[in-house]
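Each of the two complexes below includes chain A, the first together with chain B, the second together with chain C.
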Partner chain A sequence: MENRPISSQQFSALLFLLLIGSVLVYVPGITAAQSAWIAILAGAVIGIWVLYAVISLHEMFPGQRITQISTLVLGKVPGTILNILFLWSIFIFACGLLYDFYILLNFINPAIAVEVLCFIIILTCVYCLYQGLNIIGRLGELSVWISLIFLILGIGIALPLADFSNLKPLASAWKPLAAGTFFSADWPFAIVVVLGLFLPLVATIKEHTKQIYGWYLISALLLAILSAETLAILGPELSESTRFPLFLIYRLIGFGEFRRLELIFLFLWLISGITPIIILYQGLNFIVQDIFRLKDYIKLILPLGLVLGVFTLYMFPSDMLYDILENKYSPLFTFPVNFLYPTLLLLAAGIQKKRASSKSTPGSAPARPEKPSLPATRPR
Partner chain B sequence: MKREKRIKIYVVILLIIMPGFLSGCWDSHELNKLSIVSGLGWDIDNTGKVTMTYQSIIPSEIKGSSGSNGGGEQKGGSQLSAIQLNQDTGSSPYDALSRYTQHASRIPYYEHTQIYLFGKEGVQRGIYPFLDTQARNPVSRPKALMVVSAEEKASDILGIQDGMENIQAFGMAAEIKLSATFSKYPEVTVLQFQNRLLSKTTAPIAPMVGIFEETGPEGKKIRRTRVVGTAVFKGDRMIGQLNERESSGLLWAINEIKIGFVMIPEASMEIVSAKSKIVPELQGDQVKITIEIDEESNLVEYRGHQDITADLVHELEKGQAKEIESQVRAAVEKSFALDADVFGFGEAVHRKYKKEWKDLKPRWDDIYSRIEVLVKVKTHLNEIGDVNKALIKD
Partner chain C sequence: MASVLYYILILFVLLFIFLALIPSLKQKAYYEILVATCLFLIGLSYGVDYALQSSILPNPNKFLAMFKPVYQAFSGFFEIK
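Moving on to the complex of A and B:
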């Protein structure tokens, strides 16, 4: 019996938390100002292609991680080069998420040093990953509904503060809208490419493809609603200039004389903030394992975590540098990699399949790649 | 077995490390070491020196008793009272703050600050340094109220012990909120002020609080504070003010009317609901603005001696509409005189004419005072009270 530690329901939950948790601290596509929510929806369309490519690749090569498919389809050297580019792209995302998360925690608890916060997060992730992959799935399954409830509750409570005239004029210029679409397609939507590393671990994926797309669309819709509400409450200028716009909104809400409800929503951040880091961190483990052709990734967990933590602390010594790197330069690298990597593999796989079927004699079964064994995981 | 032993060791190590992180010792804020700043005053003199006035609550001294010394004004910290007033002067807000630490024994805590009060002299010079400091500081509350002192110094107002609250800043914040609820003057939070400042064309506003003197029951003079106007800013500098009538007119136009009363010579009406809309229209280079107001009210006072008939109700509605229109016109004229777009007409034009706005935006200051403004008011008198006949007839 095959060992697949993550159910499709858990996988969908992880997809949701990956998308929502990646952007809870800022408004994606804010370059489009009051049209950021449109930019998010447009970015989601680009992201759905990435998801489609990843799922299609999985269907063509069941049981293979996207990094394994890369060397299988393109050959060892070109495949490994692409895998290294992919590793770097995921690493940059993981660093960005980690930085955002510990800066938010530092914003709430200024007396705790960022170094301490950074390693608390890393050690939490390390602990979680040592527990095995099914724990990540269970974490997602457990937190998704709570996160969803908190998210909808937050949207509902903050609604009276919204002034929807702030969302006008819609799409006043195409350049900011295009820039916003590009940035939101890069972060969070194209990030779903990382799930190509987890698909071989998911049970009954073929029967639940609709469910996965459904959760993707729910996430995109919620992000668009959340962004529209943030813009309606704070206005485009303040949404752009504030470090944590959503946190600022939660600071504004209250029931009667009850204030400081933002701390209740901290639960939402803690759960949905740490899940994407765990997913990307585990993704890094898989990629490094495949690049170096290691039998197991377990021994990589702690060293990679330490590298991630130290690198983040040194890569972003200040918010200003973070802003320059993460919001201006890194999308120019990460988006092409995350978008083209699965696209290229899908194209190459398609061509390979065509060639194989044209070579095969009539009447005989089309050539299929040899069914490989499942990637080394740590079942529990 | 080996694995279980290893896990046990990890758990023990974790249990030893965790109390260090979770005990909260690092960022503890003990009440006996805090002075909770309830109101922060900001003045700037002609040499550019900034004076910060802190109205602080000493939590350990609050035992359900009065604020400082009852009856009169607060003493500047000469005796240990629950509410204290301290002042520091420096070259910038943070310089003044750093001097605070030279004489204070408690850390100022801004999480409960209710109002930011600006001296009249200071606001005429510009409050940008203060706004920047507030926006940058994560502990400042975005819902704290912006208030301008009608007196020269912010400290003049913060020193008055008045009203129904022990803590003056809390009382003043409540005063402003109540006047906004009754549609007299606007209630402006730091966030709203920042939003207006960021819009480039919309002029920021803030309520003004002044001091008035009245004679108490024993002939003793009592100084009290009250909301007296609306300060109008151009950028970060105050350039003028709206009086009570003009302030109400502004609230009618910007859809900020909640409840309150409309008074006409024959009657008083209680506002039940009100909605307004700013509709811009562009005719060549000429901007035309229509302010559409829809109001519903109940009759609460009738000074005439006629029975209430449908014709009379209609007359009262007309009188009411005329009064509302005249308030809005007063506000419009004052804003033209000040050349300050307090209504956000520029943003309304931007929203409707996004292409033309590029050309209009740099010339908005010139265009503004030439705008044609039309006020359309619809009023509905719903209820007339429990009597429909005059008690004394003509």
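Moving on to the complex of A and C:
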């Protein structure tokens, strides 16, 4: 238990919160307009391959993180280069999530400066990480059901506002749909690659693989339903142009005198918003630890937190620049890295395993004639 | 409001000294101190640059901006509005 602080149940909860929390602030695959929900389902298929590759790699190399497998399978130099690309990709995701989260908090409470909000989030994450990995698992386990209830409740009470004619025509053009699939596969689905860093810490993963895939599919389905509902209520144009479409929907909900129901859902945003940041932040700690071959990651928590916070402020000074860089340009880098990184490793590991087994199996190669053994006592 | 970052940076320096530097020195983990300090100095220098609004240091978002022509070709092909 000491070596494996996260249970498979907690791991599944973290996977759910990683996927849901990453996209609560916008509609993924919105380039597909009214067909964004179809793009999400298609993107989930690509993401499931990434999850499969990561789990398969863990089964081939139990107890090793994906970054350690990389140098083991590909060699020190190519493996480290891939790890650096992976580090940058996860860093961009973490910056994007952090930015989204503090802008949302600033949207709710404009009196507090974004710099302060940014570092309040960072310090919360720092505190969580200093408590240990077990705490991250417990946080996931504790908040997954509450988040799920809030999510289903939100979908249910917003349903009367939906106008499903906004979802027509269905998949009218394949090109925007393909682009939407690409963008939704990038964020949130391909991000599951980061879980390859946590798998060695999970107990009894082999027996609970189905549970992990199950939670992945639940998340994908919920995201598709949530997106379809958002599009049905706001329409594709407003869904794209609004900064926080789901927040706007919860603002529109009300029963008679009861208004401002979005504040009830603040819990959902706070928990599911901060969990993916903690996961990615911890992922960055692991990657840097493996790149520099450090014994411990604890000393990296504060410096990486500072770098993450400052770089987010530095890289994205405005919403417009953020939209261009994070939502348009960065998927062209992050998706190939997050998709190809586990795929390449799985291929290389498969080839390596095949070669090793063909060498060791006597039936695969013509057997050498055995040397006649020497008699126990030589005749003189 | 960027000047508020000075206080945050001071807080981080203190936290880094007490939570990372002193325990590492006691453990004589010099390589870990070196890596952590380098990372911390990168963060600190970018933080000061941000607070001063001077933009002396290279902006990491230039790396993302490199993908502009790729995105233009991509959006042109996939008819993204």
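Keep in mind that, in the parts below, the second predicted complex is superposed on the first by the 359 of 380 C-alpha atoms of A that agree within 3 Å, B and C clash if a C-alpha of one lies under 4 Å from a C-alpha of the other, contacts with A are read in each partner's own complex, and residues count from 1 in each chain.
Here is the rule we go by: a residue touches a chain if its C-beta (ideal position, glycine included) is under 8 Å from a C-beta of that chain, and two chains touch if they have at least 3 such contacts.
Quick caveat, the model's predicted, so the values are computed rather than measured.
Contacts of A:Ser172 after superposition: chain B is touched, whereas chain C is not reached.
Legend: residue contacts after superposition of the two complexes on their common chain; A:Lys328 is shown touching chain C, with no touch to chain B. After overlaying the two complexes on the shared chain, residue contacts for A:Ile155 are found with neither chain B nor chain C. Shared-chain residue A:Val310: touches chain C; no touch with chain B. In the superposition on chain A, contact of A:Val116 is made with both chain B and chain C.
By the touch criterion defined above, A:Leu85 reaches neither chain B nor chain C.
Measured by the number of chain A residues touched, the leading partner among chain B and chain C is C.
By the touch criterion defined above, A:Leu266 reaches neither chain B nor chain C. In the superposition on chain A, contact of A:Ile46 is made with neither chain B nor chain C. In the superposition on chain A, the residues of chain A contacted by chain B and by chain C overlap at 116. Touching chain A in their complex are the following residues of chain C: 1-2, 4-5, 8-9, 12, 15-16, 19-20, 23-24, 29, 31-33, 35-37, 39-40, 42-44, 46-47, 49-50, 59-61, 63-65, 67-68, 70-71, 74-75, 77-81. Interface residues of chain A, counted against chain C in their complex, comprise 31, 88, 92, 113-116, 119, 126, 130, 173, 175-176, 178-179, 182, 288, 292, 294-296, 298-307, 309-311, 313-316, 321, 325-326, 328-330, 332-333. Of all residues in chain B, those touching chain A in their complex are 21, 26-27, 138, 141-143, 191, 194-195, 198-199, 347, 350-352, 354, 357. Note for the complex: chain A touches chain B at residues 107, 109-112, 116, 120, 165, 168-169, 172, 234-235, 237-238, 241, 248, 251-252, 259.
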